[in-house]
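Letters A, B, C and D mark the chains as written, and numbering starts fresh at 1 in each.
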Amino acid sequence: MVWRRRFIAVLTFLAGLYFLLEFILPPTVPGRTRRGVFLEHSPTVVALASPDGDRIDVEVGPSVEFSMVVRDPTGKLQAKAQRTREVSVGETLNVRTRTFVFGSFRGGSFLDDKGGIVALRPGERVYSDDSGDLPVEPSLIAPGTALKVEVRRAKVVGVRWGSVTLLDGPAGDVRARRTVPLGPNIAVLRERRKGTPDEIEPYDAKVGDLLAVGHTTFLRDHRDTAAQFNSVLGTLALGMGLLSLGVVNGRRLRKRGEDRWVAIAFFVAVVLGVIAGVYKYYDPSTAERSFSDAIVFRLLGPVGSTIFSLLAFYLASASYRAFRIRSAEAGLMMATALIVMLGQTPFGMYLTGWIGEQFKALWLPNIAGWVLRVPNSAVVRGLIFGTMLGGIGTALRYWLNLEKGSAMGGGD
Amino acid sequence: MDNANWQVLLLMVVFSGLVLWKIASAKRGQGLYIRPIPGLNAIEEAVGRSAELGGPLLFHGGVADFTNVQTLAAVGILEHICKTAAKYGNRILVTTAMPVMVPIWEDVIKASFAAAGRPELASQSEVRFISPAGDLTALGTTQVLVDEKVSSCFLFGAYDYTSLLYSEGGQIAGCMQIAGTSDYYQIPFFVASCDYVVMVEELFACSAYLTREPTMLGSVVGQDYGKLFLLLLILTGVICATVFGPSNPLNLYEGILRF
Amino acid sequence: MSWSEYWASGWAVWLGAFCVLAIYSYLFRDNPVYRLMMQIFIGINVGYAVVVQWKDILYPLWWLPMMDGIDALLGCGQGSPYGALWVLVGFLGLLWYFQLSRRYLWLSRIVIGITVGIGAGFTFKSLFGQNIPQVVDSFRPLGPSAVAVQPRRLFSLPPTVVPPLLDEPLLVLAGEREAVAVETLEGREVWRCPLPGPPSGRVRMGGDFVEIPCGPETVRIDRRTGRRVAGGPPIPPEASGQAGTDGGWHAGDGRDRLVKAGVAAPDGGEATVMYSVVAGRLFATRLDADARGGFWASDPGVPAKELYDGGRFVLASDGRSVAVVDASLGSVTARFQTTEAPAWLTVARMADPIYDQATVVAVSRGGRIEGFCAADHKVSRQPAGRLLWRAEAGKPLVWAGTAGGVLFAVGPDGGRSYELPPVPKALDASDYWDNWVFVITLVSVMTYFFFSFRREPRVVTGVRRLGRWLLMLGFGAFFGNTVMSRMSFLLDRLMFLVDDWIKPFFHQIFG
Amino acid sequence: MWRRLAVLDRVPRQTIYLLMFLACGLPFFFDVRLPLYVWPETRAVFEVTDSTPPDKVVLICSNWVQGSQGENWPQYEAVVSHLMMRGIKFVVVAVDSDPLAPQFSERVNERQAAKYGRKYGVDWVNLGMVRGAPLIMASIGRNIKSVFPRDYRGYSTNDAEKLPILKNITGAADFQILWAIEYQPSLDWMVWLDPAGRVPVAFGSAGIVTTSWYPYISSGQMKGMMAGIRGAAEYETLVRNKYGKRYDEEGLRGGRLLVPLAFGHLVIISFILLGNLGMIAKRRAAKEARR
């Protein structure tokens, strides 16, 4: 049915589109990006409301860090640092306003190592790397430990965006000075002598840096999400293998004789596998964990690699049977194979080691090496180029869904 | 290279453009030429031979599923084999390790026998799912070769380490074997043990030549032009490198093709 | 050890050994035990994989964000409400399973299409990233070329009469009448500031200021705005033996010293080192806390009249003869003669962990620029001290220095910046022969895969035949290496049987 | 005479299997050493790895499991033993691998660490497995801690107490070299890990695929590689030649497996030759019979 085909085609196209654009588009919107020599910048100021309702204005600078609380793969909560341009009104963040080195604690206020008083504004608390979710207990910390002043669970109530001043033209000319306002998702890129420019925070720019300031295309910011989407979608098919195998062995179960036992063995094995998988996550030195390890290393390991190792025997007999000089081509192939094989093993040196140093190009390992490095690598490169063009062709056909036939979702 | 610079974009446009252009003109029904691949008349010969010996044909479509291009090429080739088989009236056995592929192979066989006007052959032919394990399937297939007295055997598609098992099995059973894959690690084994081998891209050219299916055809031709472009580029580069030495204008870091 | 102890640990080995032998039994006859093993293997694998993939991927990357998102939507819990969108991904994922039904097969095409589309999307980046260097590497010279390597001219710089201040990204020059700051990427002018008189000493940095001695007074300029600020006290004329920003300095009586930090000490870690010249010998002394005292002593082989700080190297020179000394070992890596007495010596391009690419740049007051190998280069096979390239600034210079592979050479009549070339590979006859073989092979293999050209000249068919032969050669090599892989799987198993099973067992029996 | 030789044309396959078995099995019982020729591809990567400065780490992507342990285990152990002996810090990850991969690598790490008395979190860290290549490779190059919030043992990667090794490690700039060790490592490492191409890439892969790495080595995209067991043995030799006694080779597999490997090759080569002899003999015999 044609509408299905269209529908699938559109989805396929959209899925590919992101990754293509991510590659071919620059990180900031082309037309609307200002480029020039950095002169000065006025800092962004973020207005926060602490959980207890205090209002704090934070001037963004090197020691300020905004972080959002997210879950990590083990389900624990974890702070994820954010760029200033990603801060938006209304979201809840942990904000580090400044850091200092602990000197002493006198009269209810912290003193840094230089003896200066660290004045805490309402809502600010002092934390250390390992104090976790609670403010530090002054009596427990040794002088010299690095501490950070933070506002946790702060709600962003307002952002007053700063600006960057760029010079684009002769130094004397006033018209050449351009003040570019910062804002949500305005990225600042510093150009490098080689390679693509890297994104920096405005306050990291030095006078004389070549900057490009413009609105992001969002594409690069979401690369990790895209990767996540891709792997999740792929992994969601995990049941497929199990199901199709189940169906096959289910049929076997209904048969009589050997097949039935094979099928039963299969299902038992699946159960074993699942148990082993579950126990894998118990801590070591528990009985469950050692059971899982035993299954993995004592059963899965040996059986798996043994099945692979059968190939060596097949290879031996096959090459004995097959590698007959039927044609000149086969002959040439065989000769090369023999040289490479001998070159790989110590026998290569035994056979030709007696040839003196001055002729060491004739040592079998060297001949083999030459074959691999020069003609062979040219052959491989030829194949690679073919594959590259093939790959481009295929990618286009799949992406634009030009493929016909029952196979690729096309014409049913 | 994080983002494409203009050089890369240019190459992208050239290569993709050529392919799309050729696909378009193929769809418009413009006759595109592809030189006959020597392996093709071998197919005819193999089918004829097995007709004389009265055994069925065996076709194995590789170890990958339909998301792999080679499998698509194999589909095209199976269609052709069926049409030829319809002429001589032999039936076809297909073995696979993928439950997902079973319906697809069945469709292909039904459709192409019907198209050739011998639907009854389709019912005699069959698609056998042997085992989800790659090498068990391979060994099972060699078993089939012996049990069914298969006399010609076709291996087309994507292959992994099991290639050897298939082709050696055919050798022992004394079949006439034609193989084609673009997985070049496996080609040596096919070359050594098969009567004819369709190598790397020949596989796609073959399939395009046989089916004249515009997409495949167009992209094969388009890629050809791409290859020609690349070849010329390389020759120019070689000349530049010889004349100007390390500081040639096409050199990677300072030169034109930098990224 | 007693048998009971043996079995306590040995059972697993016996189990493993049994599996191995059971499977090898297949080699002699097809048997049910083998098939059984195969099924068990597949079964365990699948079951295990399902659990692990859920735990490692789906649970953290899909389930948790989704649940958090839903919580956030319902108003409780934190995290972004967008997470709830993962529900849709879940639905998409379900579509995979329609592959099993003939009727709704097409639904599964949706998700397949999406995955394939994504794959197609990043194919482009991967392909081009992998292959463009391949294309360029195929540009092999087929013979020696007449054209020599040259530093590439980047942009020209305003005139300066005294050594400027290079502090990336700024280069501050002082001409007769005004001081000019340019950035070092494209040579764009950042600011200029008029001077009361001709500058008398080198431009130097004092905190946020640039200080330029002009006769009696010192001009202080804010290096951000380029505005002049209240001048400071006059700076005493430069004492000899003081390290300047260009790293070079004068040796008076040959007992002067240059203190520099950041030498990789052989014990790993940083060393602050003082170099001193006594009677032509070069001494390095460590000043850092952990290891005081002697570091190394070395005989550069030239009467070290002048020393230069070359990062990983120390450069000693006397007139035209130069010696390069490894700063952390004290070994002399190269000795060479320049054509004119160098006024400035620096080392550029030191990216490579081994010496490769490290190039000594010697610049004379007359404007002659030369590059030499700082040491034996393994990859490019250039010997130490070989002259790599030469260029003429064509005008008198007052200063030259490098930053990140770029050379700045400036003088009263203006200056210029050069991108220093990478060290070219030293090629001999055999290399050219190899290149011929390489190019011919590549071309003929590519020609072999032309399909769509109606009429081809005779030569093409010939080349194609050659291509097929060379392909066979390549496939031969493939086979040769295949044998090695396949066999090592077997060896691994045999090693298990011998070392873990047979040997301990016999040991147990015979002691 | 030809007729007698013609027997060689069809030697029963069990015979070949048996000979293979013996040729590969017997050498394990005797301690034979054979002269080894070190290929430049291995030497290059050894030198880069060996010259790791203290402020950098070696990044190892270890994706091998039982399937390919025959070749990858020796390779991985050769590298790890070298790093452990030198006290070079290294970070182990697994990308798109079999979920078992971290378990296999960690077993080797612990054995080598015990030998040289190295400490987890100080001298090495195992970050476990992620999916989503090639995109995830780019993420690793930008900020490895954001990709792996916790390591394989569940410690937070920002926890400087537990994992001091990661304290100053962020991304590509801090990696001395990338070792990708698996049956067939992904070429995407060259493209995605560090777009600026500062991190040299080294592959330890199955012998079969090494054939197709040579073009990438000549173009400089890849620094070098270990070719199968031979590569592992060469790497061990290089370390031994440089550090002699300090290097404890007990339990290393490369050098040990090399000898039976050689004999196995010998069997295959001789059978290929015999097979052809047999074929010729058969033809001759047929001709004689016709006369």
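To be clear about the criterion, a residue touches a chain if its C-beta (ideal position, glycine included) is under 8 Å from a C-beta of that chain, and two chains touch if they have at least 3 such contacts.
Predicted model, so just to flag it, every value in this text is computed and none were measured.
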Chains linked by the largest number of contacting C-beta pairs: A-C
Gap in Å, rounded to a whole number, between the CA centres of chain C and chain A: 20
Inter-chain centre distance, chain B versus chain D - centres from mean C-alpha coordinates, in Å: 32
Centre-of-Cα separation between chain D and chain C, whole angstrom: 22
Contacts with 2+ other chains: residues of chain C: 27, 35, 38, 42, 48-49, 52-53, 56-57, 99-100, 112, 115-116, 122, 124-125, 129-130, 133-138, 439, 442, 446, 449, 471-472, 474-479, 481-484, 486-487, 489-490, 492-493
Residue numbers of chain B (touch at least two other chains): 1-2, 4, 12, 99-100, 131-132, 161, 184-185, 188-189, 191-192, 200-201, 220, 227, 230, 253
Chain A residues counted as touching two or more neighbouring chains: 23-24, 72-74, 194-196, 228, 230-231, 234-235, 241, 244-245, 247, 296, 300-302, 304-305, 307-313, 315, 317, 319, 321, 323, 329-330, 333-334, 337-338, 341, 344, 372-373, 376-378, 380-381, 383-386, 392, 394, 396, 408
Chain contact graph, described as a line, ring, star, complete graph or other shape: complete
Contact footprint of chain C on chain D as seen in their complex: 14, 17, 20-21, 24-25, 28-29, 44, 47-48, 51-54, 68-71, 73, 87, 99, 128-129, 131, 134-135, 176, 187-188, 190-192, 198, 206-211, 215-216, 218-221, 227-230, 253, 256-257, 260-261, 264-265, 268
Contact set on chain D toward chain A in their complex: 11, 13, 16-17, 20, 24, 34-37, 39-40, 65-70, 100, 103, 130-132, 135-136, 138-139, 146, 149-150, 154, 156, 159-161, 195-197, 207, 211-212, 214-215, 218, 227-228, 230, 258-259, 261-262, 264-269, 271-272, 274-276, 279
Chain D partner contacts - residues on chain B that touch it in the complex: 1-2, 184-185
Contacting residues of chain C [partner chain D, same complex]: 27-28, 48-49, 52-53, 56-57, 122, 125-126, 129-130, 133-134, 136-137, 264, 268-269, 351, 353-354, 378-379, 474, 477-478, 481-495, 497-499
Chain D residues touching chain B - in the complex, by the definition given at the top: 191, 195, 208-209, 211-212
